[in-house]
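Next up, some structures in structure tokens.
Consider the two complexes below, in which chain A is the common component and chain B and chain C are the respective partners.
Here is the complex of A and B:
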């Protein structure tokens, strides 16, 4: 990077579809990907001559309020209304997009300030290569979240986006990263702001920022002034290119939509949503640290998925929290990641985890055996005990056979023994491993370590 | 025979719906080629509907309020399978893909939709001369404009080519041609009639409304089409009761306070003023009381109205981008439509929004406050509908002279209040209209006054 250190600032505008059955201003279905092209359409979402919007979809409006609340936003107390944002493009059947004024504002997520949250309608899908437009998507509600330029690196932006997607997932009112479209603003110290459009994933946002940082730093180093411009991200090449002037919005000629009277969110309605809304993940993380005394890294993993967080809270009613957290973070997540599934998808129930951890605590299986059991738990109706029995993993070795194995390990590995006496760190672990092998994993690692130390001290 | 009597005769099978239709079709064939008021007629479909209505009446089945009555619809209101062109080349190939709410309601009341009527292109005019299909003539004053923009809908009533018609009124587009053609026209309180399916001129100003030859016809049509529409957000739940308002019209003027605004008369042709004053005298004879009033901001009304109209119309026409309906509007439209689009685009630019559009909205509030203030102390305001007589077809007017036709009608649209126009007399055979404006939701009261005045004429 040329060895010069330049500060960067980055702000995001993120659009994600809201999860509703029907569109924002008509009764058409929202399953646009499953439906044949141009089958989920009517005169309203096609904006045929004379068509007026139906009243805004209440689920969409309430979902937007819920998400704004979960992002710590204040909710607009005055009337909110929809604006018409005019631009000329084949995907826009009316020549304008309806976009609300902010529903929430001044929120915060992970030290990034949220400037505003508002609602919009999705345009259709234009396929320039085929010259066709599919209007199934036209009129699907979108939520747009605008941050302040508070992120200082591509990594911070990526972390923020991951956290944001987690909040949206928790809300149950938004669709996931798959429907995300983001615009990214980036400016380097001493340069003007560039806006990058066409970003469709967290990875894309990260790559676009990385690319743009290098590009702008090189320009600055060569003494070239960075001009304010709009650039497009080309996902296939992971680069940004200047947008053609035509694509840059000059003036949207915003006017309040005369067909949609102003709305007032009722205080009671907001309070009902506030009471019913799920605890946002970043707040849940803090609570887990406080309430259960687990480390931050563990708390973050526990709250990475709402189903997992709920399971954790159920499990710790029966098991010591930090013990549960260690097992869930290290072993359960390992198995889930390996199988590429969420906790929810795995079909593992909190009671299964409790049973497994009880088996360890009651010394019915060794920790090592437990690791083998947990690998068999996803999408399995059999209980951990049944799995253990089927795999012959029940029982921790008796003291005598462990002692015998300890002595055998010492006898067979003189080099490890002398390494141990010279203070080499790996030697003890090696010897423990040998004992485990000899007892077929049934020895308790703590006990083995104690026996080995005693035997070696002789 | 007045319309309510005719409606009863059809229901009693004294007249058949088919005969009623047949006689109108004859008139249309004779008169329409010269008047050019109907643009498209569906004779066969109308005949089938009339036969069905007759069959049901014969069997003693209950039929709707509009049973067997023939109706013309302004060609900016969606009717399935009719060409809904708004009298523009832009939409010469657009076939209505759905029924507007008012059309559904007319059909539910067994009204027979006969055809679509001529108008100013996209309703942007006051003379029907800007129609892509050529101007319409004024049946009451041949050789003169019928007014506009709903000139065709007024003309089909004046020429007795159908029983009732619908127009749309954005700044007087129902009342103005009603006045010039000597018929009745009514614009309701904003939100009383659903706009779902009405092609937009200026969404915050306009209402669909009826034309008829008598007050009973207006009341019957309003009773059929008015009402909350869950599919149109600007409709309101409180609906004036139009039913049987023409029954007790004898004493309606007794004790009524009629507001007479000096400035409305100052801007009007003296010959028109004289006729309106005669009507006011008749009303005082019937027991009404005149209250003289002043309106300070009359000079603001036309600029305010047009600025809002331009901006909303610019927005509304963005869908005519040439991709879906054949032509890009700017490439095929007439001069007046193009003027409105260009000015609307210009003044809605970000850098000018504070200068023009926001100021226009502020002026609108001022006008609304002033007019509702005046209405506070009276039952209704009486004035000419249009300050001047219709010009001769072919005579060319500059833009400001054309806009001057609208000065007394735009106030009701800016303020969202109800207003009706009815014939008060004639100047050299040219009809002169009287306008009654009332408080929001006083639609039925105004209708009652129109019925009362009609009886003594």
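Here is the complex of A and C:
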């Protein structure tokens, strides 16, 4: 089938909960995932008749400003206020959601323009398949980040979301991908914009966009008009289904909430937040490349987690940066991924990494032995030296011992020797492995390879 | 007719009364507060009273209608 190239435009509206102890407009707790259903609720967050909102949560408001700044946004200079956004849904007892006008605007992250950042309250958790609602989530502060339709493929949208979640994690003011809900706007050349709701993960956003792109392309090819509509993403089936015709802003009947006072971000307040906020990861990545001379792929891994980036900066005060970066990217991350933990959770301290790398540099252990040591480091109070001693990995074999092991490996593996002479590359690696086994990993791999080549040439 | 005349009189009087009112800047708020926030402290809640009339399932979820699009 001949392919028709149809351009795609995609914009995102991403909601992530802010990290607070209490809700945005009342003092109910926000630990809804640990609490029994409908236990963190009150007359305010359920908007019962006569209940008025408390003043906004200060921590949430400052968190929103911090995230806006980290996304390179300008902060609104005029008064901002909360609007009532009306819609009828079982998760919203009041019939309206309180949402602020933009707190930040005109930001940028990885060449995707951020149209605005604002704060709003989360609705309850409605399970449409069961027809039940848990209102514990109702009123938890959310940050909403709206992008321009700058993404041209599902892959670009996925990369942007990964980067955004990294910024939010760095901020310390937002909960992670687990609380993310994204609405995705997608339009193909020649069609109208469809909005997909109910997306709860980066993978889900990618799959929904892929599905919707194929669905719309097929309709356009058949000459069917794309309707402007809101669709729901069914994660279990990885498809989108029509929800309702898309509302325009007028349908929401926005009105300012007269129960809440306006807000004005003061210059001093913004500067205090700016001073305390962490360097955003995308800026830190560029700095690591410039300042430490490491490659981009390494810099991206080093900045994938704030604690890891901080550790790297501490480690390179004592160790050559590219040497540290190689070990941290290849070996430390391998061990962390295998154990499914972050650097912060591993309990590994920068001093432990410095000690391990010093053991290698001082030829007290071989790189192969160091790989075994680092595997034992997570959640372990023992130092790398102590681990090495306990595992009998201290020491690098002297030349005589390595030569002895080389000869033994050749004698015991005639087939591998024959394969080597026939030009099979794997044979050399096998023989090196045998020497490592015989020396308990204490032989230097470079030296072993040289000795083996010399012995096999005889 | 009588009602119409009375309505005109009311409107006239109302217009006159408005003439004496000085111009104000438009505001949506009844209180002159700005940047009023509260500290972030959560409290445990007793939900017995608020859930008194709610129909709930055995997990404590409030019963609502099922989504119409789910089984499509």
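Observations on the model:
Convention: the second predicted complex is superposed on the first by the 393 of 458 C-alpha atoms of A that agree within 3 Å, B and C clash if a C-alpha of one lies under 4 Å from a C-alpha of the other, contacts with A are read in each partner's own complex, and residues count from 1 in each chain.
Methods note: contacts are C-beta pairs under 8 Å (C-beta built on N, C-alpha and C of every residue); 3 or more make two chains touch, one makes a residue touch a chain.
Computed from a predicted model, the values in this text were never measured in an experiment.
Superposition of the two structures on chain A leads chain B and chain C into a clash.
In the superposed model, A:52 lies in contact with chain B only, and not with chain C. In the superposed pair of complexes, A:43 makes contact with chain B and with chain C alike. Of the two partner chains placed by the overlay, only chain B lies in contact with A:96; chain C stays clear of it. In the superposition on chain A, contact is made by A:132 with chain C only, not with chain B. Residue contacts after overlaying the shared chain place A:251 against chain B, while chain C stays out of touching range. The wider contact with chain A, measured as residues touched, comes from C rather than the other of chain B and chain C. In the superposition on chain A, A:267 makes contact with neither chain B nor chain C.
Residue contacts after overlaying the shared chain place A:338 against neither chain B nor chain C. Clashing C-alpha atoms between chain B and chain C turn up only in stretch 367-375, chosen from 313-321, 367-375 or 421-429, once the structures are aligned on chain A. Once the two complexes are overlaid on chain A, the chain A residues touched by chain B in the first and by chain C in the second are 43, 48, 54-55, 90, 258, 261. Contact residues on chain A toward chain B in their complex (touch as defined above): 43, 47-55, 84, 86, 88, 90, 93-96, 251-255, 258-261.
Of all residues in chain B, only 76-78, 84, 86, 91, 94, 97-98, 100, 195-200, 202-204, 230-234, 311-312, 314-315, 317-319, 321, 323-325, 345, 348-350, 353, 357 touch chain A in the complex they form. Listing the residues of chain C that touch chain A in their complex gives 28-31, 33-45, 47, 50-51, 54, 56-57, 59-67, 69-70, 72. Of all the residues in chain A, the ones that touch chain C in their complex are 20-23, 27-31, 36-43, 46, 48, 54-61, 79, 81, 90, 126-135, 232, 241-243, 256, 258, 261-264, 266.
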